[in-house]
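Each chain gets a letter, A, B, C and D, in the order it is written, and its residues are counted from 1.
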Amino acid sequence: MLLLKELSEACGVSGNEGTVRQVILDAIRDRVDEYRTDALGNLIALKKGNGKTTRKVMIAAHMDEVGLMIMHIEKEGSLRFHPVGGIDDRVLLAKKVLIGENKVPGVIGAKPVHLLEPKAREQVVKFKEMSIDIGVSSKEEAERLVKVGDYAVFDVPFVELGGALRTVKGKAFDDRAGCAVLIELLQDRYPVDLYAAFTVQEEVGLRGARVAAYSIAPHLAFALEGTICDDLPKKGDTSPTTVLGKGPAITIMDRSVIADRRLVELLIDTAEKNGIPYQFKQPALGGTDAGAIHLSREGVPSAVVAVPSRYIHSPTSLLSLNDLENTVQLMRQTLARVNDLDLTR
Amino acid sequence: MKELIKELTEAYGPSGNEDAVRETIKRHIAGHVSEMRVDALGNLIALKKGQPQSGIEPRKIMLAAHMDEIGVIVSQIDEKGFLRFAPVGGVNPLTLLGSRVIFADGMIGVIGRERPEKPDEFPKIEKMFIDVGAPDKEHLTRKVGDMAAFLRPLADLGQRLTAKAFDDRIGCAILVQTAQELETTPHDVYFVFTVQEEVGLRGALTSAFGVEPDVAIAVDITTTGDTPEAYPMAVSLGAGPAIKVKDRGMLAHPGVKNWMAETAERLGLPYQFEVLEAGTTDAMAIQTSRAGVAAGVLSIPTRYAHTPSEMVDYNDVQNAVKLLVGLLSGPVKI
Amino acid sequence: MQIKEFLKKLSEASGVSGYEAGVRELVREEFSQYADQIRIDTMGNLIALKRGEATQAPRRSIMLAGHMDEIGLLVTKLEKGFVRFSTVGGFDLRVLPGQEVIVHGRRDLPGIIATRPPHVLSPEEREQTMPLDKLFIDVGLPEEELAQLVRVGDVITLQRQFTELAGNLVAGKAFDDRAAVACIAYCLQHLATMKHSWDVYAVATVQEEVGLKGALTSTFGLMPDIGVAIDVCHGNMLGVPEVDTVNVGGGPAIAFGPNIHPLLYARLVETAKAFEISYQPDPTPGPSGTDAWAMQVTREGLPTALVSIPLRYMHTTVETLSLKDVERAGRLLALFIASLDEAFAQALGLKSE
Amino acid sequence: MDSTEKLFQNLTEAAGVPGYEGEIRAVIRRYLEPMAKIEQDKLGSIIGVKRGSSDSPRVMLAGHMDEVGFMVSLITDDGFIRFVPLGGWWNQVMLAQRVVIKTSAGDVVGLLGAKPPHLLEEEEAKKPVEKKDMYIDIGATSAEEVKACGVRLGDPIIPICPFTVLAPGKTYMAKAWDDRLGCALFIQALERLKDQPHPNTIYAVGTVQEEVGLRGAKTSVYNVNPDVAIILEVDIAGDVPGIKPEESAIKLGKGPTLLLYDARMIPNLRLRDLVINTAEENNIPLQFSAMRGGATDGGMIHLHNEGVPTVVLGVPTRHIHSHAGILHRSDYDHALDLLVKLLMRLDEQTVKGLTL
């Protein structure tokens, strides 16, 4: 829980996950039997099983978050940028960001609304038309603080909102929520060899998970996600992707994977036996590391369990600690049974 | 062979739910292959071991046809028991209106549509729903995530056949028939019936990694340019199986392409070259498996692809089998 | 080797994705002068090995990848004595009308890409880009003769004339990415005069333009310790904002971002600075769209870098670059390779089996 | 290459945009000099006079020397060149082509820059690039460098397209068929008539500035003051996919064409019939064409004085007004035969008869 705060506030845009990796490493070092970092920066830890185990189970959560990269510094010192990972242009305007190692603060600006033609006000401002203002007046001045290629993240502190759902708000719950769950899971031993893969570059194409899965070569795998939760009141008969507080969301099919039915059944059965709330994620939306993992080598039966989280891929997201804890519970109980699951066809 | 084709096309098997198709195929090839296995994703991999023949270098050949078909998946269920759905694979909304769909357990539903704001409005899948005739949500046994496929029996038009899911059950039928007709071969031939092609060539990717073939031929459908005002394309129904040169996803290995063309000419079988602007096949995934595979495609010209009424020419199908048998009986020249 | 002459030969050769045999022979000829071993893999990649001097294990290797395929056209249909075609690789259809081509049928047939003349077009039609199905190739043959010489699936290359411009700039087709192949050749030539302990795999890859396929498979086969892709990037030109381009003649662009291992970037920059080779930083926030993107995630992954040659009018028949940049990139790579040692391998955390 | 192909090569590869016909004029002069007395009007049109057995009638053969091209209009600070078109160019066939700038310091090669597809907005790719947004890149990095290469405002620019014999050996690809082909016709007509007595005096005229408004025709016709005129031009071949017969029924390889009307002229009907009969009697294939838009030098010439009986003989050509056009040798040969036969018949009697 406190760790979620630390994870959420750490900066780890795709390709630059070092800080997050460090936070996680400090947390798990004493809980695991082995760990290593691979060529792309994945942190892969092994928690050996209780001796008589036969199966390798991979659980992936990605460390990276969407963010910005500084592309160009204009003569008058404003910074042109490019999104890293999928960010909706509409959420960028007038946001506070932190740039580079030294977390130089800046604000994303564009032409003030007063100067816009009525028609232009209707339209979304494209990121190419925006720039970051760090309060300097010349290129030289700017170059003393930032350099082309620096990564930038949204400046959003972690806050507890409380309430029955024990909601918290912060950035990058996609997928620091998953990281938090995975770190929790590493406290126990299970009747399987558990390979915890904290992956990189999920937001730019599931790239970390792909190489991690290849080197681990697991018998089956789970991806832990902070997933879309679109449960706001809206017109028409369209039910939510997931609902906040209704428990972990189990994926049946998204754009990247059709979850292994046997694993899905195991998850459902486990949830019901243990009275853990669960929900289905609305099919055909989004993609996760499981998309890369299940296609590794000769194929890996895979499933996805996610913590519902509102407003992901925008500066601030929101989740319920109940959902987070229930996700830990569900995974714990499932891992206890997964070695006996019949995978023959 | 028409019986086999009918049985296969009418089987239920949207992507990820290929079990029924797989069982049917197992039944038909049992006894004609040396061994069978099903991999982690559900691909059926059947090996016909080669008999060494003097002067012929034995190769590892993979033939691939996908078992899955396009369909729909239940995304939400409203209070009145109507099922909202999302597409599985490339589904054209126009083909859904008035269609019937069937679920794994045999439940049948019809597809309805919200009243469009404009009468000529292009139908959107978000504005459609499945009606299985349930009075309300309580009396409904369906759940979110259930998949359904088109319901449409095969019709024998004589020279030509029409049915749903010729993409790619016709390929499956051709592989099955080939496995049955091929007495001996100098090569180790892997008949691979893949899963989840329609959602991204997924089964082919993993099975190719497992099989590690030297040469691969995917057998799938291609569109034609022989219907009124069609996009300019040289392929037409009945002019023989099509040997692929290129599609959206891949360029066929020139060696494999020529090997197929020369064999067809040697056997006096009709064939045509195919350049497809859209779509791709399992061969794309197989081609880049491991350190690379010499991959080609044998296509069956098919009209109205991805609709509930696809159409093929029976001669093209039989000639495809003859060509495959011919290819597998002789040396691999690439 | 003279970069200009070699690049001219490469540029004027034919090698559309999937049909690289023609250009591959030229590359083999050139590479074999510096390589200890040379072979062609299943996909058609040309792989040349130049051994390093290292004596004790572990034996390290670096892979250089530049693709030799070019975008081109393919015959889809013969109609009334004209050739209908499809594209291989990403074209801007607007540059096609009026271009000279060579249709590689039973024999090579010169022709031009044509469309209905403006005289008979409606004002609206004149205001739209001609879609692919409104374009065709005219080789001046009557229907019957055409059918004898050309078949569906025959390859078509665009105008192959290599042109020298002012200021050491040259223009031609397929500099993307034959310039990189020339650059690698120059690098090998340069290396022959130096000591280097790592093995060097110089790979001219195939089918990059249709999905980085050659790099994907060749990297899987070789599994080097590190990989460097050499490609082209957008040079400054009218009507394109500065932020999207680097300067032609300003030196090779060294990329960094998710696709690039930070230590490789750092070492390349140090090398450039140490030997006063002018270079340009090239921030690459997402997919680099080059062979490096495929190499990085092969098997359990490997550290990758990307060096690019600034180029104007990419994917047209008048791609324009500075020979100086090609030479600089070649020197930079040679010096970079010579600098590779076990200490660096350790810093990268490379396994030592 | 036979002598005709050599002639085609020399004529089509020479430069000569409207107002800058010096180079092509020199080529034509070289060919005419051995056969005819050379004159020139004050706008630059070249006139080769060949007397037959009689001074009259005065027969004018007109083909224009100028070709469509461009002119340097601006040099940007970073060394790119903006231009204006000379003659009717279609913007859709211009991108990524090679050109030569004819400067006082010699030829400078350049190319028409085109934005890479990678950098195109989806909408952008749907619209053709406007001529005003195009530019030429000669590899310079500054205005100074460009000037150093000798490039100055107003320098003419021509396409690069070497004369190419296409696969069948019977079709040729080149730039500027419009109207170097006409020039080739009057040159070879005179060659054929070298030692044949023809009942008239022929004025073979290579006119200037046709592409910008039939200007050379207006001036040269005063100099010649003809009794009858034959305009030698290219005609739009309509045998390409997508052209309907009503738009153009002309086909390559089916013989020369006779223009029934265009925007600026209706031919003299008796002369028209004479052409048709001559063709039939000598079984030379002949096609008929009609242009709603467009015009030829005839538009000026037939209005000279009290009027001059005029026809336009055409040779079908594909893809005119672009970098490269294609025509068929047999059409040209037939056109030449027809022209020569015609010249043999145009005696005083016949010509008078045209206007009685």
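Operating definition for what follows: contacts are C-beta pairs under 8 Å (C-beta built on N, C-alpha and C of every residue); 3 or more make two chains touch, one makes a residue touch a chain.
Since the structure is predicted, the reported quantities are computational estimates derived from the model, not experimental observations.
The chains in contact with subunit A as well as with subunit C are B. If each chain is reduced to the average of its C-alpha atoms, the one that sits nearest the average of all protein C-alpha atoms is C. Chain pair with the highest count of contacting C-beta pairs: C-D.
In terms of the distance between Cα centroids, subunit A is separated most widely from D. Averaged C-alpha coordinates give centres for subunit A and subunit B that are 36 Å from one another. Between subunit C and subunit D the centroid-to-centroid distance comes to 41 Å (mean Cα coordinates, whole Å). The distance from the centre of subunit B to the centre of subunit D, each centre being the mean of the chain's C-alpha atoms, comes to 58 Å. Centre-to-centre, using mean CA coordinates, subunit A is 68 Å away from subunit D.
Every pair of chains in contact is given here: A-B, A-C, B-C, C-D.
On the subunit B side of its complex with subunit C, the touching residues are 225, 231-234, 245-246, 249-252, 254, 257, 272-275, 277, 287-288, 290-294. Residue ranges on subunit C touching subunit A, taken from their complex, read 241-243, 256-261, 281, 283, 285-287, 296-303, 348-350.
Within the complex formed with subunit C, the subunit D residues making contact are 76, 78, 80, 90, 92-98, 108-120, 125-129, 133, 135, 137-141, 145, 149, 160-161, 164, 166-168, 170-173, 236, 238-244, 247-248, 252-253, 293-294, 318-324, 326, 328.
Listing the residues of subunit C that touch subunit D in their complex gives 79-80, 82, 90-95, 97-100, 107, 109-112, 114-120, 126-130, 134, 136, 138-142, 145, 149, 161, 163-171, 234, 236-240, 244, 249, 289, 312-318, 320.
Of all the residues in subunit B, the ones that touch subunit A in their complex are 15-16, 38-43, 73-78, 84, 86-88, 126, 143-145, 196, 199, 202, 205-207, 209-210.
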